[in-house]
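Have a look at the structure below before the remarks.
A, B, C and D label the chains in the order they appear, each numbered from 1.
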Amino acid sequence: MNVTIFVEDDKANTQPEVLKVYKEGIAAELATIFKGKARTVSAFEPECGLTKEVLGDTDVLLWWGHRFHGMVSDEVAKRVTDAVLTGMGLVVLHSGHYSKPFRALMGTTCSLRWRDGDFERLWICSPSHPIAKGLPEYIELKEEEMYGEYFDIPTPDDLVGIGWFRGGEVFRSVCAFRRGLGKVIYIQPGHETNPTYKNKDIRKLIRNAAEWAAADIRAAAPTGSRHCEVPPESK
Amino acid sequence: MNVTIFVEDDKANTQPEVLKVYKEGIAAELATIFKGKARTVSAFEPECGLTKEVLGDTDVLLWWGHRFHGMVSDEVAKRVTDAVLTGMGLVVLHSGHYSKPFRALMGTTCSLRWRDGDFERLWICSPSHPIAKGLPEYIELKEEEMYGEYFDIPTPDDLVGIGWFRGGEVFRSVCAFRRGLGKVIYIQPGHETNPTYKNKDIRKLIRNAAEWAAADIRAAAPTGSRHCEVPPESK
Amino acid sequence: MNVTIFVEDDKANTQPEVLKVYKEGIAAELATIFKGKARTVSAFEPECGLTKEVLGDTDVLLWWGHRFHGMVSDEVAKRVTDAVLTGMGLVVLHSGHYSKPFRALMGTTCSLRWRDGDFERLWICSPSHPIAKGLPEYIELKEEEMYGEYFDIPTPDDLVGIGWFRGGEVFRSVCAFRRGLGKVIYIQPGHETNPTYKNKDIRKLIRNAAEWAAADIRAAAPTGSRHCEVPPESK
Amino acid sequence: MNVTIFVEDDKANTQPEVLKVYKEGIAAELATIFKGKARTVSAFEPECGLTKEVLGDTDVLLWWGHRFHGMVSDEVAKRVTDAVLTGMGLVVLHSGHYSKPFRALMGTTCSLRWRDGDFERLWICSPSHPIAKGLPEYIELKEEEMYGEYFDIPTPDDLVGIGWFRGGEVFRSVCAFRRGLGKVIYIQPGHETNPTYKNKDIRKLIRNAAEWAAADIRAAAPTGSRHCEVPPESK
């Protein structure tokens, strides 16, 4: 499984309060989920590091972004959605809900309500789903950013987890979608100043998601329409 | 719209603590949602009041039961599910999740976790759904029985509301399903010692649900398999 | 119900072979489904006739396009998708599958296979759905353009009809989707040189679809994300 | 993966016209899909060979039945559905749509229309689904029993294949459902006098389905409701 991790800021551009939590930055932390066997790229590289070659060689792409969604050009965003439509998996993390590729794949605003610094209990509501494999009934996060309904997304193909926030909100926190030949998973936890990606169950969830979403087929280009003759058998 | 309301206990068999909340019983309270234009029946009547004639004349059936699920004979339960499969709407309330007809229509255990006396905030997560028409973003219930995930039901066709409970749980509280020619809606709030059915938004929700589920077609019997010839056009 | 009908070509630009079938053009024919109570617009008008005012006053928009998808500017297309996200219904007809608004709302290529001049039998596979109300088990069209799987769309919220083509293909011909506060329906039949929109069952299908999709709520703008305080009750 | 194959008739009770196609019977043919590494049982054994021990040791159960659905006792049928709810996979083949366990898990009549001896072209409409892995765009079967819509089942969680029949019908031929902790797949082809289970793509489809449905978790009993205290964190 070839994993590529896009985190918008490289270490040099990461805020100090984030580096306090993740010494080497978020990308490096996420890479440890795959025992380091993952390519990391950022919006500060040419073409965000997401060249045609890189995407062609990626089975599943993780995406974390927040302040710099605008640094991803429309061209790169389209390259990513095209890669999904040809079969590449995409795991969208936290504020990646507002990234260009996710919004384009959903076709909706992907808006939500939010508040910093809440306690979250993330409940699994589809325990037999591969994404939930090995997870407990719920995962607790002492401090996480609240994301609440109404979350403006299409009906997920699979709703796997629902978040509970002490402040009083709920959220469809783990959602899976098929788009073209690819699979897309959204996972809500992961605020940059909370050590969420060090939580062992969140790590397992991300690993499961990547494995579920990873391409097992890959087309050369998104499907195009085709004229076709009457099959011989039907004549 | 012909509405029939099944509440398991008639007034004579209702517990005093319930009559403190609903002076005339739950069935009478629910009937006021339809301005009294609803037939009420109970498990203490012959055949639970759910004769073939009554069901044949019912566009939508509301179902509230808890202590007396066993008083509904298998024959009556099958008559109800058959009516749903021919087009009758069914709105299952609160502990009706464990009623015979609901379990038979779901094909799963319909089990859940529970606790009395919690605060609930019920969020609408499909604001454009007819069942949510005219409702605010959430409905608050000062005291309600907590029902929590994992709720063992098939994936709903439409997930309309998610409940938040102060104790720390979430629940798919408003769910819609198509079964045969009929529609089934499950609505979680409605513990018998809490005045939930007096809440104006819960009343609107139940009214909307009844209108959405009510039959507009009705078959004489559940669909059977049919041998069929090759249509002339295809020869 | 305020209906607007977008057909890409006005009468002056319609091909003669189409005018042989629909003397006044497709838009005029579709308008008769609503007894003439519908506004018609085309790509040959400024802003395609789809100004902010027109869309704001439209409960449901029908869309037929084929040769002139490119004449719809990105700005107008976005105005349409924004209208859907705020609650406007959208009924996409036939080759409208490749229109800018439909593709943007789906997030996929919407590609398919095709061939002219086949016989179609369109089967209803969700007979209790409001879109199927009053329709027979199937609708036969002596000549229609074949559209076949794989149809590259997200899983529909409701799959209402499946087309059978004599040449040997099947197609998810009637599909309903929720997007934001709006509803989108795709209906496959309607090739411009076949008299499909004169078929009484197809007319009923389109009428049902328009009624189902028509807005009953309408927001001023697509939902945006909102910061929110802890609700008082939860403090 | 522990596979059990239930075919209703053992070789001694199989009709001669079937043995002409499958010399050792259908069960033996299906077992070759798993290179013989599968237990086979029939309705002519005590308890249909589906004892608690056998089901407890089964990751996925294939089910083929037609003339002898009634020989499966209600007790055995319930044991099978309970096994599914605890996580066992169930692959229901052809006329197994009318078996007791499938009908109980669906909650609907599972009725359909039918006719013998048609040509079928089975189209894949979810090419990225694991069940479709390695399959061509469609599978052709020179002679197969036609099963046609309306197929009275709940909306599948995943619709993977749609059948086209020369006589003029379509059918949701490959459908996947989650029920409790288990997965259920229905696959339409497999009429007993046609050599369908010798077709290499049908064999791949069945193998994929079994792998997808096979349990990776297994509970001791179907989920029951549980009272629960307020989690410490929420107090």
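Here are a few things to note about the model shown:
In this section, a residue touches a chain if its C-beta (ideal position, glycine included) is under 8 Å from a C-beta of that chain, and two chains touch if they have at least 3 such contacts.
All figures in this text were calculated on a predicted structure; none of them were measured in a lab.
Most remote chain with respect to chain C, judged by CA-atom centres, is D.
Among the pairs C-D and A-C, the greater number of C-beta contacts is found at A-C.
With centres set at the average Cα position, the gap from chain A to chain C is 31 Å.
Averaged Cα coordinates give chain C a centre that lies 37 Å from the centre of chain D.
The set of chain C residues touching two or more other chains comprises 121, 127, 148, 150, 155, 157-158, 166, 168-169, 178, 180, 231, 233-234. Chain A meets chain C in the complex at residues 81, 85, 98, 104-109, 111-115, 148, 150, 152, 154-155, 157, 166-169, 177-180, 222-231, 233-234. Touching chain B in their complex are the following residues of chain C: 87, 119, 121, 126-130, 133, 140, 157-158, 166, 178, 180-183, 216-217, 231, 233-234.
Listed in rising order, the residues of chain D touching chain C in the complex are 121, 123-125, 127, 137, 148-151, 155, 158-159, 162-164, 168-170, 172.
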